[in-house]
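These are the structures in question, set out in turn.
There are two complexes below, and they share subunit A, which is joined by subunit B in the first and by subunit C in the second.
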Partner chain A sequence: MRWGEIIKRLVLIPPTLAGVGVIVFVLLRIVPGDPIAMMIPPGASAADIDRLRALYGLDRSIPEQFVSWFGHVLSGDFGRSISLRQSVSELILARLPATLELALVATLIAIALGLAVALTGVYFRGRRLEWAVDGGIGVFLAIPDFLWALILLLSFGVLIPLLPTSGRIDPQIDVSFRTNFYLFESLLRGRIDVVGALLSHMLLPAIALALPFAALIARLLKASLSEAEDQDYAQIARARGFARPAILLREVFPNALIPTIALGGVQITLLLGGTVLVERIFSYEGIGNMAIDAVINRDFPLIQGLILTFAVLFIALNLAVDVVVTLLDPRLRHG
Partner chain B sequence: MVDVAASVALQQPSRWAMGFRRGGARLWVGGAIVAVLILVALLAPWIAPHDPIEQDLLSGQLPPAWMHGGDTAYLLGTDSLGRDVLSRLIYAARVAVVVGFVAALLAGAIGITLGLIAGSFGGWIDQATSRLIDVWMAFPPILLSIVLAAVIGAGLTSVILAIVVVDWTRFARIIRAETAVQLQRDYAMAARVIGLNRGQTLRLEILPNLVPLVVTLLAVEMGVAILVEVILSFVGISVAGDTPTWGGMIAEGRQIIYQSPWVMAFAIGCVIVSVVGFNLLGDGLRTALDPVQRR
Partner chain C sequence: MTAVLSIQDLHVTIGRGARAANVLRGVSLEVQPGEVRGLVGESGAGKSMLGRAVLGLLPADAWIGKGGIAFAGRDFLTLPERERRDLLGRQIALIPQDPMTSLNPVKRVGDQIARVLQRHLALSRRQALQRATELLAEVAIRDPQRVLGLYPYEISGGMRQRVLIAMAFGCDPSLIIADEPTTALDVTVQRQVLQLIERLRERRGAAILFVTHDLGVVAKICRTMTVMHAGRVLEDGETADVLTRPRHAYTRALLAATPRADRPADALRPVPPALIESLWSEAHRLDRLSIVGRT
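The block that comes next holds the complex of A and B.
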């Protein structure tokens, strides 16, 4: 990915987002379920229903509704949630930090696990342990995050109740923080009790999200490490008498890192997409859980806002990975 | 020239046979799991010990037969309505198999067609397809399936459509790239030189070389489709009413997770075994059919 490519990608972002907006909007407008029907009290008159419909703009044609909605989105106004009766932007901004913190913790766990497994696998190349590592990676890759979430819920929530399985933090802990980035803010403020409570709630969902991603990192990194270790420079270092762990870590690892980031980095979006169900399973108060509620309640403005939020995050992450790879790889940097 | 052509033709069948030998344990284990799954789905009415929707409220939430309080009439126990868990798991395999095969084949047909067209024509057609894929990739896939299934309404067709609409890009992206790569190869150039037109080149030269890739993608997609069906059932927007599904059983089991965790555990087990089976089959087929390793 050269810089020119990256600029091209930047140019394509607005049309891509507009495309996402159009598709979601049109999809939701052909829904048979009526969002107004779900919010009216019993016994409301036809006039009341019409008034509500007009209030949410649902009486206009679909193109008219779209132009009006998209115009507001461009100015940062995502409309009002029908089921929660609040501004969609405020609702999303309040919940987004919880999801971002969860995804970050999950990514860190995945990287740590993936590195450890890949290095172990390469160190025992050609021996029976490598075979076991490869098999394990295959199984962990095949089972997706939401199944891990259910398995973890069953094992550590029910059978051996070690960790909390619901919510973001214990309700009795006072978190009157300035932001909703509870984890970052409690770390900065040195509130160790809050950090502990947050992490204990986050651990099971984060591990569930991390396991398939860790397996992917392990598989990619292990392949790159094996390839790099067969290169001349590694063989020469070995011939000169350097110990194998030292060669693996100092010589081989940095070279194996770039292909792993290039191929595996984009998969962070999968992890982020996985938060939808994992948050649901652990009743974690992030935007994923909110999205399922929004679909169940046929809350059009909220669904639209949430899907656009995910789309922005996905595109930003993909771009960030490309930039990192370009910065790391000397061949591309000067290309 | 004639001799070479004849000897290549003679080797043709044994190539596949050799490939299947090379696929190794993964191919056989994966194939066996998938075969058992299909058999169970086909034979459900004959092998299920009970009617999957028959309620026996007097024996609700029975543990599996080998546990204390279990009843040998209900081998894997019963759910909260006293329905036989084993029979429900067996019948649920039918939904999984139908969704897996139909959704994967439809998504594959659409994705492969678009990928071939985009990869071989290039120009604005390729640009348009690529932009469409970009838009699709910007959606969180699970959320898009959930929204789609909610939009279309409950039912098997709705679930299959939701999977096809979301997952065609998996095929289109890879087939597009691979078609473009293959067209650059010497053999494709040679085909043009001897006077084949674009359609003939695609059909006679490119497509046969894409078969291993397509077969592998299909096997993996069947596993993915089964998972999406489970997810939709779990969220509560899959096939309607009484039809047992693994996802539905997981959702029901979650309600009684503290009283009878086995309902959820057995359903999760079935999903994992099937998905691992399809993945192993895909991996094995990739090794078995890979034209590079074949040499």
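The block that comes next holds the complex of A and C.
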């Protein structure tokens, strides 16, 4: 009863989010750091500080603050950012599409790379090239995304300046976007020039995010492919006169895909977490970059809103992986 | 008449250097068109290795040191890869031992049968599926149309074996290698599957190399038989002759160890360990004499 499993997971989402909310809320207020201290002009009086503190409700006890904040969150109001003096939900909604588009492009690159490497590796099983592939995968697994971001920034931004290294789009390109999904919107509107400009900005951060994930996909998929190729049904296909590439693609790959997605799919959350540093390095205006500013400014409401947003994304991705695996595996689909 | 399968002095070794192990030590064997040849011998005798050598399914570290395999007079070992693949599945088919692991778990039954037919016969997908329906009916599967749309895990072991038999006979091969096709099934299903193989063979006239532990089955369906031990052929002949007048001590011991309806169960005697021992030491003596396996 795999679908039952998924429904159970759906039911668990609200309590999970509430738990995340409590933890973030309490932690923020226990660790040192005061949002008011970050925003007051030098020479402000103690009375001014107290007034500001009261304005943001920071003078009340933590449980009182939580109840008030959570009540508002339930009605869709995430409060106002202390440092940016804007509604948190508006701020996040404006920036979230940039991060989603970046993560999507990075994921697509990772899947393409991972597939190509895994299939190459398994095709050359038992030969020297397989060792090279395995070694390469190991190296790429060991280098984290932010390091790639710095390497790419230095190589293609500074040494050989081929690609833009900051922002989401050139400021002189004037497109009056109606949504914040710039990439989707320009694709839909057929603005290929804008798509090109957007992608050229996205490319370096997306590759930085994609490389470790690609290595992970390659390792999982290659292991699953090797295992599946040793199964009787794949061996017997050889005795039926099928060529090895055809067997790998048609018989082995569909079987290897299922464990790979089940194990590797949830790791997209790592890629999403990676956006925080990588967006910062490339001054890309997404919620990751915003999260760093929010933390520097001890902007409690914004941090809380961002963490909840990330939590929702993580949960949604995990659920999506489960649904995809269920759809792919006939034994689960009907079981 | 050219033998459909002719194996000459086949030596197969697994591994190299110090870890090399001979699994076939000069096997010769012929299967004539339409002939059903039983291949018997204790576990580890090399029966499966022989079948795998013919089908090109030897383990990656196995190698053929010496000898030849000819299919209908064509040297199979020197045949270009592409031509060999055109014969495999088309002229030479396999009925595997374990129906639970021999079908692709994520592909529908119909898809798997149709793919083999499309590979070797010039059929469209639609024609192949139509042919698959007929094949399933021929292996006595009720409601074949429905079964085509099922996944392997949705059908019983006996049904799966029928599907695999349908796939083996699908392109009307002239040789089928059946490696213990009924051992994984329960007794009542075993009998049905055997009858089915018999019937299809009669109708379509394929030769079968039938690997089995069961001398009763050999007596029933095999006209000729080969007895193997330690990668060697010990005895070979018409089934009736071998079973009534076995020449080799090992065959006699095998017969004495086989339950029969006309004999009380307590008359059963296991194959004497001393005999097995002497056969193995002879095999190892041969290993030392030959250079094969020592490289």
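What we mean here is this: the second predicted complex is superposed on the first by the 327 of 335 C-alpha atoms of A that agree within 3 Å, B and C clash if a C-alpha of one lies under 4 Å from a C-alpha of the other, contacts with A are read in each partner's own complex, and residues count from 1 in each chain.
By definition in this document, a residue touches a chain if its C-beta (ideal position, glycine included) is under 8 Å from a C-beta of that chain, and two chains touch if they have at least 3 such contacts.
Since the model is a prediction, treat every value here as computed from it, not as a measurement.
*Asks:* Quick check on the superposed pair: does A:Leu52 touch subunit B, subunit C, both, or neither? Answer first, second, both or neither.
*Replies:* Neither subunit B nor subunit C is touched by A:Leu52.
*Asks:* Just to be sure I read the superposition right, which of the two partners does A:Leu183 touch: subunit B = first, subunit C = second, or both, or neither?
*Replies:* neither
*Asks:* Give the label of whichever partner, subunit B or subunit C, reaches more residues of subunit A.
*Replies:* Here the partner covering more residues of subunit A is B.
*Asks:* Once the shared chain is lined up, is A:Val194 touching subunit B (first), subunit C (second), both, or neither of them?
*Replies:* The answer is neither, since A:Val194 touches no partner chain.
*Asks:* For A:Pro254, using the defined touch cut-off, is the partner it touches subunit B, subunit C, both, or neither? Pick first, second, both or neither.
*Replies:* So A:Pro254 only meets subunit C here.
*Asks:* Going by the contact rule set out at the top, does A:Leu204 touch subunit B (first), subunit C (second), both, or neither?
*Replies:* Neither partner.
*Asks:* Thinking of the overlay built on chain A, is A:Val278 touched by subunit B (first), by subunit C (second), by both, or by neither?
*Replies:* neither
*Asks:* Per the contact definition in the header, classify A:Ile292: touching subunit B only (first), subunit C only (second), both, or neither.
*Replies:* The first partner, subunit B, only.
*Asks:* Can you list the subunit A residues touching subunit C in their complex?
*Replies:* 126, 231-236, 238-243, 250-251, 254-255, 258, 328-331, 334
*Asks:* Can you list the subunit A residues touching subunit B in their complex?
*Replies:* 12, 15-17, 19-20, 23-24, 27-28, 30-33, 138-139, 141-144, 146-147, 150-151, 153-154, 157-159, 272-274, 276-277, 280-281, 288, 291-292, 295-296, 298, 303, 306-307, 310-311, 314-315
*Asks:* What residues on subunit B touch subunit A, complex-wise?
*Replies:* 131-132, 134-135, 137-144, 146-148, 150-151, 153, 223, 227, 231, 234-236, 250, 254, 257-258, 261, 264-265, 268, 271-272, 275-276, 279-280, 283
*Asks:* Which residues of subunit C touch subunit A in their complex?
*Replies:* 55-57, 60, 85-90, 92-94, 96, 98, 101-107, 115-116, 119-120, 151, 153-154, 167
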